[in-house]
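These are the structures, in structure tokens.
There are two complexes below, and they share chain A, which is joined by chain B in the first and by chain C in the second.
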Partner chain A sequence: MNMDVELINWIVIIIGQILITIGVFCDFVAALLMIRFPNFYIRLHALTIGSIGGAVVPAVGAALIAIGSPFLGTFRWFLAGGALVVALFIFILGGAGSHAIARATYRAKIVEYRPCYIDQLAEDIGEDGC
Partner chain B sequence: MESWVINFLTIAMFFYIASFLLYIVRLLKGPTISDMVLAIDALGYDLAAFLIILSILFRNPILIPCSIVLTLWIYALDIYVAKYLEAKEMSE
Partner chain C sequence: MKGTRARDIIFITLIIFAITILAIPTLLGALSSIPPIDLRTIAINYLNNTYNPFNQTLWTSSPEAVAAIVWDYRGLDTLFETVVFYSAIVAALALYREILGEKDILKGKGLSVIVQRATAVSMVGILVVGFATILHGQLTPGGGFQGGAIAAVTSVIAIVVFSRLIIDKSRLSYKRLLLIRNAALVGIALIAIIPIIPFMFGDHTFLSFIFQNQVKAVNSFSYPQIIVDVPMGGSIWFYNLFEGLAVITAFSLAIIVVFYSEELSRKTIEGGEIGF
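And then the complex of A and B:
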């Protein structure tokens, strides 16, 4: 019986570590893109890479690692539950928050993007196009 | 098994700190207000995930409520700045 439980713990930990590796890689790439991208609207993509790939995936991975590591003691279930709640919150709030900021920035015309070829939102609203 | 997990998490921590520094560079360089808000967003969400990894390393569950509240505050910051930028009114 003890051998099976040990094996399951190892599998869960390995899966958690794979998720954390993906998350850390996504996070580092998003940080680089956040600096390299030319203007605000393209940086929104870097933000959602950093928040979804860089925060939700490692949070789920950390939850799996917490479940699979009995040396943490009984509080690891609380830790796994809390990590999944944080992952759900970031998953929902990340997109909503960046959408709110993008709408406000567009409406307030804070960012002007020089090579502007077509602006369909402006045409929909009725303002003059690009 | 324990040392295997602890060593892995400490290595992951350094990459997290490196990406925090890159976000802070964008925060300081950001030409407009909304760029800074973007940097704070990404920084805050990654800090929440970082707190969870730290709570595994420190074997102490007290950091989990802190990361939940941090996530909600980062979203609230988004909404406040969006309301201010668009309608010039703080949501009284």
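And then the complex of A and C:
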């Protein structure tokens, strides 16, 4: 019985560490692409890689590591709950925030949009795409 | 370009100079040893008395020593801070007295549906955090003002995201916000003078203090100490609650007034020239 619990703790911790590693990778990729991508809208994609992959995923991983650490006592549930709530709110607000940035930029027409391959929003509104 | 370069160099030199001026005395120990090695007597007194169930002569039943000091040991000071804040908001509202409580002319739609729904979810979270900070002021860091400031963020976000129209549509009109705020301030005053009410009404044997929280040597009056197993901090909990409500409504009022559209708020600015 005791061995089983210990095994489950180990598995949970290793899954958490894998998630945090994915988060580190996503943050690195986001920082790199923020410089390398050609224009504003594609850089917005790098921004969301940073906020979802680089913040939500490691927050869930931190929650799993806290759950699998019995030496923290009862407080591990507080840590895990806090991390999960933070992950939930970043998950909701990261997407909505980047959407708001993209929408405001598109409507204000302040960003040069080049190279432009397709502009479906303009076609929907009835303007010329690209 | 030459000018900006010279300006940058001067600016950087000034910053380094200022940091050095601040850092050298600190390193030489002008602020005494940091951190102090031993506790000062005043700190020892507060730590011994704040939550001491075995010697209840000077205790506050609040484990959070800062809340105990702010709302009990030097409660009158905090009362006057609240009065200063109250007067500041009154002054800010008085500047806009021509248009207070009016509906705005603009019919904005706010941001897109996606942003509105995401904001609606997170507004609930902000309110929960704010009220948790207010109601746990006697247990955790924070308290009435801090929690109120957190919760007041919701009104800023609501006005920005849902447009000003949501204020005119909602039930939290100008008059109701003002009513809640005044009721909260009356609550603070009442909690402060409830201990001396028997004395005021002729019972001259009942000696007590304004801002009394827990039982003192001269009388047996006491606000609730512990409910179930949670230390309630006596009057500190009530003060935090009322202060929090007052701060939420005060910030919301100020923000609602600031966010009037230009046509309306121009009225107040032009007032003097037209001859009100």
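Brief remarks on what is shown
In the analysis below, the second predicted complex is superposed on the first by the 114 of 130 C-alpha atoms of A that agree within 3 Å, B and C clash if a C-alpha of one lies under 4 Å from a C-alpha of the other, contacts with A are read in each partner's own complex, and residues count from 1 in each chain.
Note that in this section contacts are C-beta pairs under 8 Å (C-beta built on N, C-alpha and C of every residue); 3 or more make two chains touch, one makes a residue touch a chain.
In this text, all values refer to a predicted model and were calculated from it rather than measured experimentally.
More residues of chain A are touched by B (comparison of chain B with chain C).
Legend: residue contacts after superposition of the two complexes on their common chain; A:Ile13 is shown touching chain B, with no touch to chain C. Shared-chain residue A:Val86: touches chain B; no touch with chain C. Using the contact criterion defined above for the overlaid structures, shared-chain residue A:Tyr113 touches neither chain B nor chain C, since it reaches no partner. In the superposed model, A:Leu44 lies in contact with chain B only, and not with chain C.
Once chain A of one complex is fitted onto chain A of the other, the partner contacts of A:Gly95 are limited to chain C, with no touch recorded for chain B. Shared contact residues of chain A, touching chain B in one structure and chain C in the other: 85, 89, 93, 96, 100, 103.
If you check the complex, the residues on chain B that touch chain A are 1-2, 4-5, 8-9, 12, 15-16, 18-20, 22-23, 25-26, 29, 32-35, 37-39, 41-42, 45-46, 48-49, 52-53, 55-56, 59, 61, 64-65, 67-68, 71-72, 74-75, 78-79, 81-83, 85-86. Per the touch definition, chain A reaches chain B in the complex via residues 9-10, 13, 17, 20-21, 23-24, 27-28, 30-32, 34-35, 40, 43-44, 46-47, 50-51, 54-56, 58-59, 62-63, 65-66, 69, 71-73, 75, 78-79, 82-83, 85-86, 89-90, 93-94, 96-98, 100-101, 103-105, 107-108, 110-111.
Remark: chain C residues 111-112, 114-115, 117-119, 121-122, 125 touch chain A in the complex.
Only residues 85, 89, 92-93, 95-96, 99-100, 103 of chain A touch chain C when the two sit together in their complex.
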